[in-house]
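In the two assemblies presented below, subunit A is common to both, partnered first by subunit B and then by subunit C.
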Partner chain A sequence: MVNSIIKKIEKFKLLLKSLVYQGNWNYDNMQGTGFYYLLDYINTKHKIGIAKELLRKTTGYFNTNPFLITFILGIWCKEFKNNIDPNYTRKIYGPALSALGDRFFWHTLKPLTFVLSAIIVFYSPLLSLIFYIVFFNIFHFYFLYNGFDIGYYYGRNAIEWFNKIKFTKWNTVGEVVILFSMGIFLSMLLKIEVQNLNMSILLIFAIVFLLTLLIVKKINISLALLLYTTLLLINMVIRVY
Partner chain B sequence: MIYLFLILLTGIISIDRNNALNLMISRPIVISLIFYLFVENSSVIILTGILYELYGVIDIPVGTHIPKDDSFATYCSSIAIAFGSVNNSLNFLLMVLLSLVLMYFATLAEGYTRKINRVLYNKVENHITFKPNYLISLGIAISFLKGIVVYNLGAILLIILLNFVSLEADYNIGLYACILITVATAYFIDYFEIFGYKKYFFLLCGFLIGWLIV
Partner chain C sequence: MQKKIIFRVDDRLIHGQVIEGWIKYYKISHIYIVNDRIYGDVLQELIYNSVLPDYCNLEIFNKKTFRTFFSGEIFDNHTLVLFENIKDLYDLRDLITEKIYINIGCVASREHKIEITDTVFLDLEELRKLSELREKYNIYIKKLPWDTNIEIKNFYTFLKEMK
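This part shows the complex of A and B:
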């Protein structure tokens, strides 16, 4: 259990601010403006005593996963209190948490939420919509809300916390669930949406799937979809006229 | 009222996707479900949302890479379906083809908003009174406006093009949507590289169980 150094209401305000910190995302300093914006807020509210010059330096290049930004803020403040160059730690932790966060939020959680809500949609579209928003954002808000405290408590050893909760294992479990659920979704989709489904039609779908697997590494998805759509269109035009 | 809702929705989608929130309102399946529940009760909208979700979910926003604007394609397609421009399989395939092409320009527009953000940042970078709030608010406002303009222009253009090509064909959209979803699924499955060939085993198990459930 990590004790909080800031009040709950302040943590909530930090969460809200972290939702907009990427507003000035650009090719020069990427999230640098946003990092300064959040750090300036913490410095003003909690009188951490960061000098203006040092604060201004944080507008420089910075990029991380947006769902883990509050962790970096906590780590930064802890390192500052310990008289260690906090910007050096930021340089290390920005990409490190970016890799961790991208892998979990973009690579696992997003597809997982999609596949599960795609299954639910066959039963209730409203429930599916609620599920998607709630399920994803439970993780989103949990990490943003508690990130500052955890980062501040562990400092440069924050990675220990991720090891403690077996964060990388979540991806492995998540991917098994995704693949399995995708199978369920596909069979439901074909049974519900394809009229007069029989073994011949099923075989055609299997061939399309296997043929696409052969070209997956050769051409990208945009080209593949354009190709298939064009072929289907040509076939239909020939058939109709 | 519905037009105002749609205009606001496009602005929020653009912000959620690129600049702030990250609440996943901009995901294709979410957009299609919003359309299904509040605009037009058509299952084709949901199928389109699923197709574009599969298309976009494997495109991760890492570093400076701008993911293809699948939200744009879903919004334009949903509008076209809701406004009755997609009434047969041929129109459906044409809609997918055109929205994939138009999506390229929408993604390009996002690149320009990031360039505008850079210009704004460079202008005040060395000022003594550097105000991040100002830059962030301006960035969000630009994204909001970009969403309204680009998404709705795209939707209007798509409807005009679809209405221009009015051809007769059968109404078997479900079948064609399923073929395209199968194509996108192959890419989706290939995206998970951790298990090697075991992933096909998990997929097959799920498929067989799903077959028995339904």
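This part shows the complex of A and C:
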């Protein structure tokens, strides 16, 4: 557990401010202005003593995943405290956390949340909507809220924390869960589509799906979706004729 | 894509678009970063290795070591070679063959640079070098594999006009 160096209420305010972090995104400096905006807030609140000139330099070209921005702010402040050029570390961590964040938030968490919500729709559309908002934002807010402390605690070695929680593995696990959930979702669709469905058909679907995974040796959502849809159509054609 | 070796200029080197775009799309298993500054930087190597998928193998070279390595290397799988700037690519131009697909991803805006596209900003020297390379090879601006290739043409005319 990482001890907090800023008050909880201020961590919460930083989280709220980070939600508008990309408000001035542009092709010239990308998220540079947003970074300045957040760093200026920390500097003012905690009297870190960042000189105006150095602070101004942070408006320069910068881009990362917005959900992991508070980590970089923490790293930046730690590097500044240790008299190491903080903008150099920022330059390294910006693209690196962009890679980690994009992969997890956009390509794993978002489709996972979507599929799970789609399943819940069968029971309650309202619950599905609530689930979508809550489930996605649990991760989103957790990272934004705790990022500064973790970044500050680990400093330039913050990547160790991501390795410690096996963050890249989350994507692998997430993809499996997405596929499994997609299977459930399509099976439920199938059940609605075809009355008095024989459960053995679903079993065949699952076996074929697993075999496909073995053959291609790679999890592929599009392939799985295509497979299920094809089987669904075959099943319907058989039933019609 | 027939060409298995991709040379890409992107000042962010490894980032979200590279991992979710290029690596995934072409199932790239080998990535080489060619950069004199990063070569030997243990922290950066650790960070880049940590963010890559398990099936990707990363090696970092400086221009000198890459020249020796690349000359004798045979590539079976799709391979991505990342350069931070046009100059590095230009310095290794003798390694470029018709088998290599060259693209420019992102070169950030700096003072005195000219906007070529929304993500590529070059100064006159970079433009000159790129034009020279373009005379011999096809080079495109492309953020993601499924984007349309943006042609780099008539830069020489532009450079003459600038004079």
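Throughout what follows, the second predicted complex is superposed on the first by the 190 of 241 C-alpha atoms of A that agree within 3 Å, B and C clash if a C-alpha of one lies under 4 Å from a C-alpha of the other, contacts with A are read in each partner's own complex, and residues count from 1 in each chain.
Quick note on the criterion: a contact is a pair of C-beta atoms (placed from the backbone, for glycine too) under 8 Å apart; a residue touches a chain by one contact, two chains touch by 3 or more.
Computed from a predicted structure; not experimentally measured.
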> Can A:Y61 be said to touch subunit B (first), subunit C (second), both, or neither?
Replying inline: second
>> A:W106 in the overlay: touching subunit B, subunit C, both, or neither? Say first, second, both or neither.
In response: both
> Does the superposition put A:L189 against subunit B (first), subunit C (second), both, or neither?
Replying inline: first
> For A:N163, is the partner it touches subunit B (first), subunit C (second), both, or none of the two (neither)?
Replying inline: second
> Touch check for A:I92: first (subunit B), second (subunit C), both, or neither?
Replying inline: second
> What's your read, subunit B or subunit C touching more residues of subunit A?
Replying inline: B
>> Contacts for A:G23 in the overlay, against subunit B (first) and subunit C (second): which applies, first, second, both or neither?
In response: first
>> Considering only the contact definition stated at the top, list the common interface residues of subunit A for subunit B and subunit C.
In response: 27-30, 63, 98, 102, 106-107, 171-172
> Within the complex, which stretch of subunit A touches subunit B?
Replying inline: 19-30, 33-34, 36-37, 40, 56, 59, 63, 66-67, 98, 102, 106-107, 110-111, 113-114, 117-118, 121, 125-126, 128-129, 132-133, 136-137, 140, 171-172, 175-176, 178-195, 205, 208-209, 212-213, 216-217, 221-222, 224-226, 228-230, 232-233, 236-237, 240
>> Could you list, by residue number, the parts of subunit A that touch subunit C in their complex?
In response: 27-30, 61, 63, 65, 92-96, 98-103, 106-107, 156-157, 159, 162-163, 168, 171-172
>> Help me check something: in the complex, which residues belonging to subunit C touch subunit A?
In response: 12-20, 43-44, 46-48, 50-54, 108-110, 115, 118-119
>> Going by the contact rule set out above, which residues of subunit B touch subunit A in the complex?
In response: 18-25, 27, 29-30, 33-34, 36-37, 43, 46-47, 50, 53-55, 57-58, 60-64, 68, 89-90, 93-94, 96-97, 100-101, 114-115, 117-118, 120-122, 125, 130, 132-133, 135-140, 143, 167-169, 172, 174-192, 194-195, 199, 202-211, 213-214
